[in-house]
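The two complexes that follow have chain A in common; it is paired with chain B in the first and with chain C in the second.
Entry: the complex of A and B
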């Protein structure tokens, strides 16, 4: 097996260790081979070539960046190794490049596509407004980092929210790309007077954006962030209080899910800190889904393994049971929903879906 | 003895490189493709450096080439091979136009301008969404040669051969003398009747042409271009580090540097999976600090230091007779 993101190596290492200590799969120990794609397309392709031809792996697990996945798709198609992908949300490029069934039936996509995410946000905010009549959202402003991630977030959000809400947005240069000044985009947002302010960037943008929002006294009724991960010390920052976020997993899910608690305890024991990204829970889930699939398939025969994975019903630490069903193009799409969360007293609390809600929403976002 | 060897070694190296796909699998070929890509960029960067002008615009012309190739296929219906040539011509033409202005700058002013140009290209392409696909980029319907590993490798190797041929031509022709004269003392060179601007323009256009070609090949080999991917600063920094490691002001240095750093990067990744980039960075810093003339420069200086002693011995023997 293999994973191609070193940022997720810790969780993969302890998950394999956990499974192997429990006796492995079908009496055999699982072997993990890690190759770093360095977040670059050419390195990602070389990694697939190595894993396919030198290591001859049975299953590929991993991936985050859509750009790397896009470069890898032609090579992955060449070998058609059973793949459980934990990232790559860009449907217009990656899903399109994969193509429809049966040519992409070896590919199991766990992470929601961008249109899945957009739809789940729309559903979430509809449900929240219905449950809490005091919350009225008419105007939405999206501040997005100027790269592919931010632009695809803007396009998907505009397509879904633009017809029903007054929607506007502006881009900023992410701190990840050397940016540090968010005043222009915050000024534009302040002038727009949004009921919901959303930013789509990276972990490095989180605290500077909040600092500058505070300096500019910008406190919209809903202040929402959607980075793939948050800074490790975000929970300790007073700036985080009552900021809302999108994500798939939060520590608060431990209160209602034994699977989440098991994952969390194992993670903290192995890594020494709490997970800062839902990709940790997603990767943990990916390994268990594969292990369970191999068990039910009676081995790693490709056709049998694909059939077994198609029948997956995994009670994941994400607070939902993962199954696979067709998406717009591919046959095997796993998770479709993100969750709406909120920082409360240094912890991410689930606000929506209500069936896994851990705390009621704090609204409006308090003035600085 | 030196003259035949100077031909024989590159020919043997080329033959070995050309035959590599017959004896290795897809993984070494994928790594080799990456190494050769950076090698061609390192050689092209060095060609302009011989005039004393340090360009930080490699990623700019590389990215421009990638987009020129993508757009010529997707909007112009051009064949993949033609699109690669078009990428080179387009990058060269842009360099020609811009060179008329920026080659009047010297030293750090020129370097900063080329760095800015690369960023300007990226910003224009990122914001011209209707035409270029914006930040999400462009995806080709299929890869050149249907993505067949050996053919893709030979295609990148062809770019290296073009770069080596152009670089050798620079070394063997009067261009070398002109560029060296400009680098050593521009006023003296001008006083000697050397057309400084003409030679700078030739070096800038040819190096940009090669960078454009390599960008076009990268696009055809991986099937997509996005501003983040093709204008990545690594396409400037790695070739520069490779040339500095191998040795500047000649063809062998960048070739050696690219081979060593490229292979070292992959080797370190496989053997130190959790810290390879740190070790890689330390190696680059140490080599540049303690071997500023590069490995090839070091070898040459040692050879020159040894050669007179050997000659003296022969002379002494002759006198003895």
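Entry: the complex of A and C
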């Protein structure tokens, strides 16, 4: 098996260890081969080539960045190894490149596509405004990184929010790509006077963006971030307080989900710190889904494994049961919903869906 | 003293550009100058190495990354030092590291073809970023420092002022290096070695030692720049790469070894990037403009030199 992204290395190691210590799968130990794509397309392609031709893996697991996934798709299509993808939300590029069934039936996409996420956010904000009448959202501004992930997020958000809200946005160069200045995008946002300011970038942008917002005295009523992961030091920063975020997992879900608690305890025991990204829970789920699929398929025969994965019903630590069904293009889409969370006292609290809410929303975002 | 006509013309063009920017969006000027400060502070040590040792150090940005990690993990996490305090020990450690790199690698490639030198420093860059990746993973780290959000308000416009530190450091580096090269015995020897290594050796200057010291000083300065970079930016193994490219372009634009020229070129590029970013919908063009200006400058210079 294989995984990209070093940040998820630890969770993969302990999940494999957990399964192997419990007797493995069908009496055999699972073998994990890790290759880090370093968030770069060329490295991601080389990783797939190596895993397919040198290591001859049965299943590929992993991925975060849409740009890397887009670069990998042609190589993945060449080898058609059963893949459980934990990242890549860009539908206009990655999903389109994968193409429809049956040519992409080897691909199981766990992470929601951008349009799934957009719909989920729209539903969430409708529900929040209904429950809390003081919260009024009419104007939304999206600051997005200029790569595939950001552009795709903008297009999907505009399609969903643009008809119901006054919607505007501007791009910025992510720190991941060598950017260091958010002043232009923040000035554009400040001029727009949004009720909800959302940024779609990477972990490297989180704190610098907040610091620059503070310096420019930009404090919209809702300050919301949607990076795939947060920096390790985010919870320690006072600037994080009451910042909202989209995500699939937070430590607060432990309070209502035994599966989440089991995952969290195992993670902390193995890694020594709390997970900084929902991708940890997603990767943990991916390994268990694959292990369960192999068990039910009676081995790694490709056709049998695909059929077994199609029948997945996994009670995940994300607070929901994962199954696969068709999306707009591909046949095997897993999760469709995101959660709306908020940093409160250094912890991510679930605000919506209300059935898993751990703390009420703090509104408005305090002025600097 | 008569002032050249071309100088007056350039001064007028710059003044007109500044006035236009101020009338359009005053903050563009602020952010352009701040951005220029960062670019110049990172590029000046590269200009020093290229001017004296005559080697293009493609591991330049990665050395800044190493310094930033050192400032984060050893100086801040372990010793609790603020990056502004940490920059002194980090600079010293980096200078020693620079000496080691010079003796172990650069020294042996100085007489080799330029392509070999490029491959060597490119290899060092890959090695540094991969070691950082193995040791710290691709997880990003960022200090939370309240002073980086310091701001000023003029009328109804608020803007960050911390980044002017980059401008101050860039000017200090440029002036300090100029004084060092022109006023000290070591600096004069370095200039002599940079201009004519064989001649310098004939008059008794230890060329190898001079190269080693200059390379070591440049890497030490990257210790200061890396610590400073940590105050405002998130660090991760790939953070240095883009700055190697930008520094190299600035140094090429300014002319080999022209440290003060790096300041002017950084200002031109920082301002043009800020102007492009200030136009809604054209932020993605800033890189194109960056390289277009560099290409144009190099072409104009080579045309002028051919005319002479």
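Keep in mind that, in the parts below, the second predicted complex is superposed on the first by the 366 of 368 C-alpha atoms of A that agree within 3 Å, B and C clash if a C-alpha of one lies under 4 Å from a C-alpha of the other, contacts with A are read in each partner's own complex, and residues count from 1 in each chain.
The working rule: a contact is a pair of C-beta atoms (placed from the backbone, for glycine too) under 8 Å apart; a residue touches a chain by one contact, two chains touch by 3 or more.
No experiment lies behind these values; they were computed from the predicted model shown.
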{"item": "Superposition on chain A - do chain B and chain C clash or fit", "value": "clash"}
{"item": "Chain B versus chain C as contact partner of A:183, first or second or both or neither", "value": "second"}
{"item": "Which partner reaches more residues of chain A (counting touched residues only), chain B or chain C", "value": "C"}
{"item": "Which superposed partner A:9 touches (first chain B, second chain C, both, neither)", "value": "both"}
{"item": "Chain B versus chain C as contact partner of A:208, first or second or both or neither", "value": "second"}
{"item": "Touched partner set for A:265, first chain B, second chain C, both or neither", "value": "neither"}
{"item": "Partner chain in contact with A:301 - chain B first, chain C second, else both or neither", "value": "neither"}
{"item": "Touching partner for A:276 - first (chain B), second (chain C), both, neither", "value": "second"}
{"item": "Which of chain B and chain C A:170 touches, first, second, both or neither", "value": "second"}
{"item": "Touching partner for A:36 - first (chain B), second (chain C), both, neither", "value": "both"}
{"item": "Chain B versus chain C as contact partner of A:238, first or second or both or neither", "value": "second"}
{"item": "Clash with chain B, by chain C stretch, listed 57-65, 165-173 or 291-299", "value": "291-299"}
{"item": "Intersection of chain A interface sets (partners chain B, chain C)", "value": "6, 9, 36, 38, 40, 146"}
{"item": "Parts of chain A lying in touch with chain C, wherever the complex brings them together", "value": "5-7, 9, 36, 38-40, 146, 170-173, 175-178, 180-181, 183-185, 187-188, 202-208, 211-212, 214-217, 231-233, 236-239, 276, 368"}
{"item": "Touching residues (chain side chain A, partner chain B) in the complex", "value": "6, 9, 34-36, 38, 40-43, 45-46, 49-50, 52-54, 67, 70-71, 74-75, 78, 90, 92-93, 96-97, 146-148, 150-152, 155"}
{"item": "Contact footprint of chain A on chain B as seen in their complex", "value": "25-27, 29-31, 33-34, 37, 126, 129, 134-137, 139, 143, 147, 149, 218, 222-224, 226-229, 232, 234, 266, 269-270, 273-274, 276-277"}
{"item": "Chain C to chain A touching residues, read off their complex", "value": "25, 27, 31, 34-35, 38, 133, 137-144, 146, 148-151, 153, 158-162, 232-234, 236-239, 241-243, 245-246, 274, 277-278, 280-281, 283-284, 286"}
